[in-house]
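Each of the two complexes below includes subunit A, the first together with subunit B, the second together with subunit C.
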Partner chain A sequence: MLEKLKAEELRYVGKEARRSEARDKLTGSATYVSDMILPGMLWAQVKKSPHARAKIVKIDTSKAEALYGVRAVLTGAELNYRLGLYVVDKDILAKTEVRHYGEAVAAVAADTLAIAKKAVDLIEVEYEVLKPVLNHMDAMKAEAPLVHPDLGSYDFMKAAFTPQPGTNVANLTKLRKGDVEAGFAEAQWIVEREYTNPSVQHVPMETHVAIVEWKPSDDIVIHTSAQSPFTVRNLFCYTFKLPLNKVRVLIPHVGGGFGGKAGIHIEPLVACLSRKAGGRPVKFQATREEEFSLLPCRSALTYRIKTGVSAEGKILAQKMEMFWDAGAYADYAVNVTRASGYSAAGPYHIPAAWIDAYTVYTNKPYGTAYRGFGHVEFFWGLERHMELVAQAIGMDSLEFRRKNLLVPGNLTLTGEEIFESSGNPRKCLDAVAKSIGYGSLTTEEKAREKRTGRKIGKGVATLHKAPAMPPFTATAAIIKMNSDGTVNVNIGLTEIGQGSTIAFEQIVAERLKFRLDQVKVTIEKDTDRDPYDWQTVASKGLLLTGNACILAADDLLAHAYETSAQALHCQVVDLDHDDKRVFLKHHPNHGVTFTSLALGYAFPDGNAIGGPLIGVGRYVAQGLTNLDKETGQGNPALDWTFGAHGIVVEVDPATGEFHVLKISSAFDVGKVINPESVRGQCIGGMLQGLGTALCEGYIYDEAGHLLNPSFTDNKILTSRDLPDEIECIVVETPQLDGPFGARGVGEHPMISVAPALGNAIQHAVEAELTHMPIRAEDVWRGIRKHEPVDNWITKTPTGSCKSNVLL
Partner chain B sequence: MLQSFRYMAPRTRPELLDLLAEYGSRAKLLAGGTDLLVTIRAGVHKPEVVIDLKKVEGFSGLSWSQTDGLVFRPTTTINEVLQDARVRKDYPLLAACAHDLASYQVRNRATVIGNVVNASPCSDMAPALLCLGATAVLSSKSGERRVLFQDFFIGVKRTILRPEEFLERIEIPAASAGVKGDYRKLKRIQGHDLGIVGVAVALKGGKLNIAVSSAAPTPVLVQGLDAGIAVEAAVEAVAKATSPISDVRCTKEYREFMIGTYVRRLLQEVRA
Partner chain C sequence: MKIQLTVNGSRYEKDVEENRTLLRFLREDLGFTGTKEGCGAGECGACTVFFNGKTVNACMVLAVEADGGSVETIEGEVKDGKFSVIQEAFDRNHGLQCGFCTAGMILSVKELLHRNPKPTEDQIKDGLEGNFCRCTGYTQIIESVLDASGQLPKKGELHHA
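And then the complex of A and B:
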């Protein structure tokens, strides 16, 4: 819904506007589920598996049940429900076998947290420990133990996924475009490499938490820190076979999600505890250590790319194999595989492409959605590959990228045509290259090299991402006018910190021609009262909900005009309005105020017309299709947001230690709605991307124990790790179906930070890095051409790790 | 599991000594709490009694005299050390180590004595204290013992402290004032992190001391090298005294390399 308004005619869109909820958050008065205590509330704790794979021989809960203050004890044996977003493969509590370290095997609800903790300690579980399969490449082997021997009997979403019963493959996504073998035959060069990265944790400031009340009437109220209220409700009702209107999901302020709260997690277990405790509300909040293993992570990936290039440096054919480590359950990992599968070549034109993308079960904590939805992981490999291919064929890597970028008229991997309005990857790449002075060092930089003895390198990487969502993804907005002429906007999209609330307020104010302070988008979500939204994921909220807001504003105005026309004895076509009144265009003094229209217009004699003003906007993605399961062809992309990062890094050539001097990022956002929100996403995402580029990753011992489930040895970046200089650049190629031309940019800043860094380091010291994260030691080894250290499943679990103590 | 313990806050030194005599290894001492609370939460320590030192008269602050040198007491915080003008002027190595310890917020609470009695191989304060010839004064009802820090640590998280004893003072000799020195610490991030390896070098009066953290079961001191020693001989002496391991933070190989590199670079710097 591109509005052909000139920038100077816009009053709020594209202008600075303060986030209305910021003051409450900054002063600590915003309420999160973590803060909430309900009357009669019980506290839950979970008994977790200390083993990666084991048979549950016996669970003795008698001592826990006998403890004073314990109100409910649950084990898997009494819970005959199975959960799953796409493949229904997970029990609420492990029943006969545990499949990963930290998996829930029993749970308790008690009067106090201390009693609940003591009760969990009193539960005795007898295990028969089995040999786990930990590495996803090992899990692909024929002799590997099966994580899910019953995979063939599980329900799954058949339109999109293909599990392979009898193996550890939860899904195989295939894509076939053109004749790959012919492309390779024609190619002057063929380069084949493999790239890897481990699992990482989202680390939201607020850990997963829910309070659930399963009332005797089977009316269920769920307060949860989640991204998607309607998905929690939908999956909850699917699991328990309940009508949707019996379950109410409430979401107040959320302390971060990053994909880790996209689906459903602890809510069903807490609900079962409440039911068993006679309907009292029960609260469970994960500890930080539980975030690492009871709750899901981001999948590890092994990505093999084989590229055939012509004498002129054009890519002719590319064969891509992805092996995604799902961990013990499929959750979002199968859809990460699917979405990554159809984007796997980046914003480049690949005439012939062949992709097999596997989601592989292993005995590790399971993978879920994480900002970027697979793109952070595979772009690490892809954009390092572009660098290494360019090096192999003796072409500058920026030039090689430019030569192969998508241009209007090209077809994507899935056969979708790229138009001018799809966005401009070239402008993004050129902008960051210019910003970092790619290709040479300034006099100042040369002097710095001389002074410090360190080498300065500059690298770029491109990125793109489309929302990974069903082709029929829908949302709605409701705008209700109050008697003072202000409006409340209800939407089902959650504010998880991304700042879309203020963007929608700007969009609604712009469209209504109201003042910004007349518009309030409700932060707290309530499935009983808010209109449907699929999920708060995929960087699709601004586009879909933004359009719904525009339609709702139009609907509200249509009702206001209709009533005004009757009140003013005129035709709708002759009416105009401002932030206070609806009036006749040609007699502006003849009008009615919104305050007199808001609840229904009353004539002087008391007769009334109209009723309360409510506008409804419904929007569903347009023109998208399911993908063919054999060829991957179809239209999956609501929009493509293109972007690029450029990095200047300073590397100690002796030790491999490095420091990021500058990061420049550019994104084609279509149209900036709120400049500060875009900048916030840009820097926040970049730093999160830099964290997984530098140091984050799950480390296991050979028995599958997670060795670093805390910030002691799973570091995340701090404000001191910010690059010396940051530049955020926007490109605005309007999206024809975006609100005011806008596209999403929530996930994109995190994508391709790592390869831009790897490329810059390679330019500085020639280290050929193929494994992320890039630790100083990895660079040191790269410089010395030593074998890289793959210590993510380590033989030397020595150190300060105390993970077992915390179980 | 939550731990239950009794909290006690003696006001005087004799009261504290009585409590230590009574509870011994059943008690843990609390100063900043930045290590203790973490280990209690993790179940590593399950003390019956937690004795708070912060209310004991005369246990705070730092002082200097020609006879005792620089003196730290049980609740002297890392930031107090950093803010002290004499430390900055005369004991730059102490400031360098203190500055690399955790984050500003943690340094507000964490104490020097806490950092050493915890006896982590990656202690940041130990290298400075070792290099500067600091003395630990250990007190109990039966009196005082004075030991040098190279005799204080005996293993990973183990010291010579007896259950009824506490580390009452750290004395850094007045003679160590003006020692040239610096500290290098390898970290995974720029923000606060435990040291992967740490090397401190101190040079005065023709003698060279080198201390290394995270490279052996205890912080290690190589002392009394000739100030003019060949760089590679110093590197070798340090390599001989240390025994780094591979763990989740780093490999043995890289630790060895970085210790050598830091020794070389620090020597060049302090001799300049």
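And then the complex of A and C:
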């Protein structure tokens, strides 16, 4: 779908354009599900487990049911439905056992929120508390209690996943490329290290919220703050064994998702409450605390890497083991494991690779998709590892990276060939290295070090990611012309803030040769109206839906030309058009207006031809294959977006405190569609990545209680936490099957911020950090070569600063 | 109890429970849903409104406290069909993404610019510290504020390698 239009001929693509939905958001008139109150609506609340693992002995709901204004009370006993994206392992409400702190055990719908809250307090649950398994490495041990003893009886997606019944392993992804042992035997150096990071929370500003109406006719309407309307519908219908056309999913504006709203979450529970309340609409919105523990998080990871390097500094072999902490349910974590498994070596050429990637059940809130889909986590380890390997072999780490970067002709871990058109990781790396002045300090920086007593360090890290999606991922677009010559575009991809709406409007306007103000992409999603889209995830929307938009524009024009040719008594081949008319190329005054074509062209005598102008564009990913389950070989990548970050950091060697002076980020986006949107993704993702790098993380006590489910105890970054200087750089190596050459860049800015920071800190003060986030105390320990401390499951309930280790 | 207050210049009189927050009162009883709830605990700033001339987190104020008072919300920001200078600047500079923090953010900016019509970048960062934004990374918001205060000679740039 690469358009060979010259840059100077483009009128909208690559040019500035304001976000088309901004003015509703700026005036408070954009409606989110949070804002909606429907006639007759009830309010729901959930009774949650205070334990990480316990048998449910008894639930007494009688007092709640007797409370005036309570219209429905539900427990797991009456809900025989199982949910699951890939492994069908979750009950709507816990039935016999709770598997994590904060899990839903009962729910209420009532006339008011206050009554619902009171009713939930009146529900009495008797538990037999069991010892939880919290650390995912402990859960791998033979003697560990099983989080899902019935794993062997669960349904799962067999083409992609391999659960291990009788263990806590929800999935094992394997990859085998070349002869690893031979590579190690030939290697001059072998470096082996382990890297870790805890679970974190997505923090969409709008918490999960849904209003569901399960009518007595079994027609169901779901209003939800979700990323993927068709996934909600599909999984909902799978669970309740309903025909797809009985369920309508509506998504208005969404207050952020970041992957946390990618699947299906509270909708089935709210639906069951509505059904029990006789079909009245029921609304449930998670509190911020519930967002941390009732809703899912991002998985923790332990990543072991063993690398064999030749005398010249070329990587010969790499053995990688990943242990992903799924928490209590597999949800997306199994697919994070799979996608990370086949990307685990980054944008480097690894001739021989061996990967085992495990998804491990524990008694903690469960993990799901989060911006980067595993790459933020494993790139922390991988790019710290590249730094430590370079150090071990006595080579500059930038040079070591350059020597091993993927180049055209190389095969990825899965055996996919890299082409010139795949993108240019080297250009990204070189751009950030240049931007931060990698390798030396300027006169000013030296003077600053002298003045402040703090040390300045510079580090880089690369990144790459391909969309994690089925090889047959599909989408479509429908463009409908109105009688005034404007068009409405319907797509199933959701605007969650990423700016896709304006990008598609620019693409459609460019392709139709219309004015931008003639094109409107509908924000609100409706599965009854919009064409199918797989999901709003994976940074695949721009490419796939962008192509569908181009094809729909072509289809609409083809119909317009066909009718025009009849109206003008000419051949289609002689026609051209502008934003108002279709006309004969060689007699431009001889033409018909789009306004006269839009609803069907009528001749002067009233006879008409054509009918309403509608263009349909269908697109499905091309050339991809399932991966072999034993070797991981195949073609999984729609496109690779390569990138790099460079960071300049200033560290106080006495305290370990540090401050980011500058961050430069570069991405090979193929083609910029909207520069301000790209910059918004670049900086927004970078700061979210910096949050992950600096401070975010779930802290548990040894009983599995989550200790910090609030913004007071689980900080996210504010405007005060910005680096002093930020530079965003783009490389444009056109993607051959990208719309105007474009690739996605929604997730990538978040990836590898943490290791770039870790590497910069190492350059400043020689601290060898292997745990993320990097807190001042971690740097302090690193400088003094103390053992790092993993205190995310802590003996002391007072937070991350209190270590349980005596120094 | 019955309370009277002015919201965006119009008078309202309504019965309200004593424990109802100003935020819920505005959103659910009066329909001013432009003001959002991000945490309900005074931590995120999404519910920032003007109350008697000063910004507050509406989730931390009881509706009964607003009796006799005056409240300004995002819905009052457009005057005579015209967007405010701040709204226009946010629009020009992509100072928003998902839009959920935007109402609170704009009112905090308004308060900041009342106090300090030409804030430095550092003063802007201080002024917005209480308003979380998970999407933008704040930079385009800060540029919007600089623009609104006539201090942005050149828009933020994407560099080409």
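Some observations on this one:
Basically, the second predicted complex is superposed on the first by the 797 of 807 C-alpha atoms of A that agree within 3 Å, B and C clash if a C-alpha of one lies under 4 Å from a C-alpha of the other, contacts with A are read in each partner's own complex, and residues count from 1 in each chain.
Just so we're on the same page, contacts are C-beta pairs under 8 Å (C-beta built on N, C-alpha and C of every residue); 3 or more make two chains touch, one makes a residue touch a chain.
Here the structure is a predicted model, which is why all the values come from computation and not from measurement.
Legend: residue contacts after superposition of the two complexes on their common chain; A:Leu687 is shown touching subunit C, with no touch to subunit B.
Shared-chain residue A:Val753: touches no atom of subunit B or subunit C.
Using the contact criterion defined above for the overlaid structures, shared-chain residue A:Ala328 touches neither subunit B nor subunit C, since it reaches no partner.
Of the two partner chains, subunit C is the only one that A:Val254 touches; subunit B does not reach it.
By the document's definition of touching, neither partner reaches A:Ala742: not subunit B, not subunit C. Looking at the shared chain after the overlay, A:Val70 reaches neither subunit B nor subunit C. Legend: residue contacts after superposition of the two complexes on their common chain; A:Thr718 is shown touching both subunit B and subunit C.
Between subunit B and subunit C, C contacts the larger number of subunit A residues. In the superposition on chain A, contact of A:Arg288 is made with subunit C only, not with subunit B. When the shared chain is aligned, no partner comes close enough to touch A:Ala300: not subunit B, not subunit C. Shared contact residues of subunit A with subunit B and subunit C: 114, 712, 716, 718-720.
Residue ranges on subunit A touching subunit C, taken from their complex, read 18-19, 21-32, 34-35, 37, 114, 202-207, 253-256, 258, 287-288, 427-428, 430-431, 496-499, 666, 672, 675-680, 682-688, 710-712, 716, 718-720, 722, 726-732. Note for the complex: subunit C touches subunit A at residues 17, 27-28, 32-41, 43-44, 46, 73-75, 77-78, 83, 87, 90-94, 96-103, 106, 124-126, 128-142, 155-161. Put simply, subunit B touches subunit A in their complex at residues 1-2, 42-44, 103, 120, 186, 188-194, 245-251, 254, 257-258, 261. On the side of subunit A, the complex with subunit B involves touching residues 113-114, 117-118, 121, 654-655, 657, 659, 694-695, 699, 707-708, 712-713, 715-721, 775-777, 780, 789, 791, 794, 796-802, 805-806.
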